[in-house]
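My questions will all concern the structure given below.
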Amino acid sequence: MKHIKTKYEILRQKTYILIHGSGTIAGKTFDLILLGVILLSLLLIMMASISKFDNKYHSFFYISEWIITVFFSIEYILRIISNKKPLSYIFSFYGVVDLLSLLPMYLSFFIPGSEVLGVIRTLRLLRLFAILDLIPILNQSSHIKESLRASMNKIIVFVYFVIVMSIVLGTIMFMVEGGHNGFSNIPNSIYWCIVTMTTVGYGDIAPITPIGKTIASFIMIMGYGIIAVPTGIVTAELSRNRKSKDIKNNCPRCKTYIYNEFANYCYNCGEKLIDGTVEIN
Amino acid sequence: MKHIKTKYEILRQKTYILIHGSGTIAGKTFDLILLGVILLSLLLIMMASISKFDNKYHSFFYISEWIITVFFSIEYILRIISNKKPLSYIFSFYGVVDLLSLLPMYLSFFIPGSEVLGVIRTLRLLRLFAILDLIPILNQSSHIKESLRASMNKIIVFVYFVIVMSIVLGTIMFMVEGGHNGFSNIPNSIYWCIVTMTTVGYGDIAPITPIGKTIASFIMIMGYGIIAVPTGIVTAELSRNRKSKDIKNNCPRCKTYIYNEFANYCYNCGEKLIDGTVEIN
Amino acid sequence: MKHIKTKYEILRQKTYILIHGSGTIAGKTFDLILLGVILLSLLLIMMASISKFDNKYHSFFYISEWIITVFFSIEYILRIISNKKPLSYIFSFYGVVDLLSLLPMYLSFFIPGSEVLGVIRTLRLLRLFAILDLIPILNQSSHIKESLRASMNKIIVFVYFVIVMSIVLGTIMFMVEGGHNGFSNIPNSIYWCIVTMTTVGYGDIAPITPIGKTIASFIMIMGYGIIAVPTGIVTAELSRNRKSKDIKNNCPRCKTYIYNEFANYCYNCGEKLIDGTVEIN
Amino acid sequence: MKHIKTKYEILRQKTYILIHGSGTIAGKTFDLILLGVILLSLLLIMMASISKFDNKYHSFFYISEWIITVFFSIEYILRIISNKKPLSYIFSFYGVVDLLSLLPMYLSFFIPGSEVLGVIRTLRLLRLFAILDLIPILNQSSHIKESLRASMNKIIVFVYFVIVMSIVLGTIMFMVEGGHNGFSNIPNSIYWCIVTMTTVGYGDIAPITPIGKTIASFIMIMGYGIIAVPTGIVTAELSRNRKSKDIKNNCPRCKTYIYNEFANYCYNCGEKLIDGTVEIN
């Protein structure tokens, strides 16, 4: 049975190669067309959101939406049937996004107006990450991803700290500014505090009383110092990551410091050094 | 006397375990309930601050406040009696916060309206740090705390410099903008200068005269460069801290450089290396 | 033929030295005059753009523009004829800028009003980089340039990520804020998202609905953390670059670690170390 | 002559100790009083700038100003006569600031209204740096100062780049936004560009046309990446500085790598290591 492939099996495999085989010409072409259609679809959604254009070309946008929806529907079905484990695709992040970007148009038969939810299709743009991973340049991202994953715990602690400080300081500002000047309630004051601590500073809410301004100044200078923390964490992680790759330091077995970078064997214990690289654990 | 425990003693110990013993099931449950009540109380305070909700559900908010106040009062008393050194708790940071978050409601019997000070309860949110310290992820924070403490002196120098510069430049801007355009007095101008140097930039006060704009541009570019300083300090500290943990370098006694990371004794003076780790002093 | 120089050849060489020979007195003088004229021309364009000045001194600005245009035209022709490969200059970045800064004035004979395009001349200011490279201080820039080039790939990945996130989050905000409050269409919402993530925060568009403010807070805190990534990348690159210059580590031939910083020969393979410096590959 | 001190000489020396001898009790007291008077004078200037207070307590402010002016005048004269090289003090930065903070009040006899220039006294606040240098904590600043001085050249290159980019991009924005929307002239557009690139973002000027918004987005993302450069420079410098202090690496004479941190002599060439520290040149 293993060697006998039904016609369907062969077709499925061909489809799989078409969709996933970015190394083949057919696969590359498919990826580029998909990339183009996603970008086009995005452009159409953006332009349709501008009322000036929508009033003029409404039917054009409507028909285009349907053509793109049909195209994406076919792609969605192909992805399911070509996959050996269709369920793992359907419930993957990309699978859910692909489905959600189709549904609104079909739903609009039953619930008129629901086609506006088509904007959810924008999320398909994230697939660009997958498609563009072909280009060697983007392989670099794995290094950054690794560092970010390693510093995730610390970033979470930091974000938690920022949120608690925002709640506490936001409440204090609400008491100080006495519910006026945009500080109309505590959630609004917390929102203002986040806007201030992150140094965004819209200015839609700004303190007016002298005490409020003094506290705000204190928050800003604190936020200015706090911005150093995530930067420090990521930088330390990136430097460390780099180091483990750049400099061969220790034998993985006896941990002896190895001077000769091109050593093939540890000079102390004779451990074979794989690929001439020694990792810091 | 040492081995004889009165009924009260046993009860106190049980209470202590309930409150502080986060390793036991009872302690964990207590912590989670406390966490929930704090978050709930916070949510109620926030919603009560929104006048739309307050007008509608005023009595609901009022009753809830009292229930939570009673709950916190019981917890406060338990904390005092269960502690062997009650005074050290009462005058600790958490003790003062716990008391301050109860007082306003009781004071409102004598001074009507003082219950609005209940918002001070938000500070109890800081206890989340203590509660969530259970979760191993947050143990990471000790590393950051350590680095921040080590770089505190330099950050203070830096903040002092920023404040002096803000006062000097704020005064200059007051002279330049001639007391108009929001630069109505020196404190306001200083406030504007801090808003600008920290790159928050509300825009509630902005220079209008050409000279004012030129000086402002200078301040911004300076502030842009200055932001590098705290970041540099913290990053250098974090990298250093990491190094002392990652690489075993020196014998704690004779400071001889040790190559073998898994060494148990210093090869020079024979000092026993605890847990196979060598600290950089 | 090689040794015989026509009068024209000699003239061309002299012109070449005048323009490019920043080591000679004539070349230096030429550079300084050019620097002065570019700055003057810039000042005139700026002042002419202020309607108050333009109304008063219009003819003065007009005549000055023509004098400067003639000066730059002569310089442009000299650069072409003095260059051995005139085409490589004409199609270089500076060549195109030089031409574009001349055209508008000449075009204004045929198309009245096109002289306002003269502002393109501002781009000539970039030549200051070339001119000021004389000053030794600026040689430092090569170090930064090198680090930036090395981290370019990672920065591109990062910028791509920021743009995708802005499109996705911008679309979500458009849906949430319902097309009001400045979030009038998707491109505007994306613009707002970039303004927020980069912590610029003009405040011309700001969320008003509670859900919008919550999402905005999330975007800000995320953006606050994200700012760490490019900083980390560049810092790691700069530190690495510095290291390769500061510490002599390995023999360029056999990569043996070399202790003696002033070593002239590798102690292992006898490789001559140029200038006493050893580079890390 | 060397050992004979006239009465005047002794008085001068006593005054010198009073002013400069921060180690003595008298000197410390003098410093603290001076600190207090400077802060008081600052507070008075600030309050006098608030028209509400000035209207009420004008004569009080006026008299206080005179008392402080007299106090500072005496201090100024003492500083001159106690110094062995009076001219070096008079023309030093502090000397000029001290004089400039006195002049306005005396000038107001001849030119009424010139006393408002008294705000220049704020610059005296910079003397706090000198006074507070007593406190050991602030000795840390020397480390930061050193790093900043070392990275000054690079920061200058960077600031120069930011300014050129601001001029070029500001001019482009002036052309794009067509002189409206606050981009009324080129200097204003440059000002806007600096406000944007430094992520301050007041919002007093903001692009309105779609092209303007697109360019602005590009500027912001660029500025976001550029902020990494000064941070990277300072961080690399601070890390380097720290390293040269933390780790003893090489003998200053033969540059041999020294393992033992507490070595008093280089184990290779016998060079005496001063204070047990070895500097990396």
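When the chains are written out, they are named A, B, C and D in that same order, and each has its own residue count from 1.
Note that in this section contacts are C-beta pairs under 8 Å (C-beta built on N, C-alpha and C of every residue); 3 or more make two chains touch, one makes a residue touch a chain.
In UniProt terms the chains read A, B, C, D = Voltage-gated potassium channel.
Predicted, not measured: the structure shown is a model, and the values here were computed from it.
Put simply, the chain farthest from subunit D by mean CA position is A.
Least-squares overlay of CA atoms from subunit B onto subunit C yields a rotation of 180° to the nearest 5. Subunit A and subunit D, compared by their mean Cα positions, are separated by 42 Å. Rounded to a whole number, the gap between the C-alpha centres of subunit C and subunit D is 30 angstrom.
Contact with two or more other chains is made by residues 158, 187, 190, 199-203, 227, 231, 233, 235, 239 of subunit A. The residues of subunit A lying in touch with subunit C in their complex are 42, 45-46, 49-51, 116-117, 119, 122-123, 125-126, 128-129, 132, 137-138, 140-141, 143-144, 147-148, 155, 158-159, 162-163, 187-188, 190-191, 194-195, 197-204, 227, 230-231, 233-235, 237-239, 242, 246, 259-262.
In the complex of the two chains, the subunit B residues touching subunit C come out as 199-203, 231, 235.
For subunit B in complex with subunit D, the residues that touch the partner chain are 153-154, 156-158, 160-161, 164, 167-168, 171, 174-175, 179, 184-187, 190, 196, 199-203, 206, 210, 213-214, 216-217, 220-221, 223-225, 227-229, 231-233, 235-236, 239-240, 250, 254-257, 268, 280.
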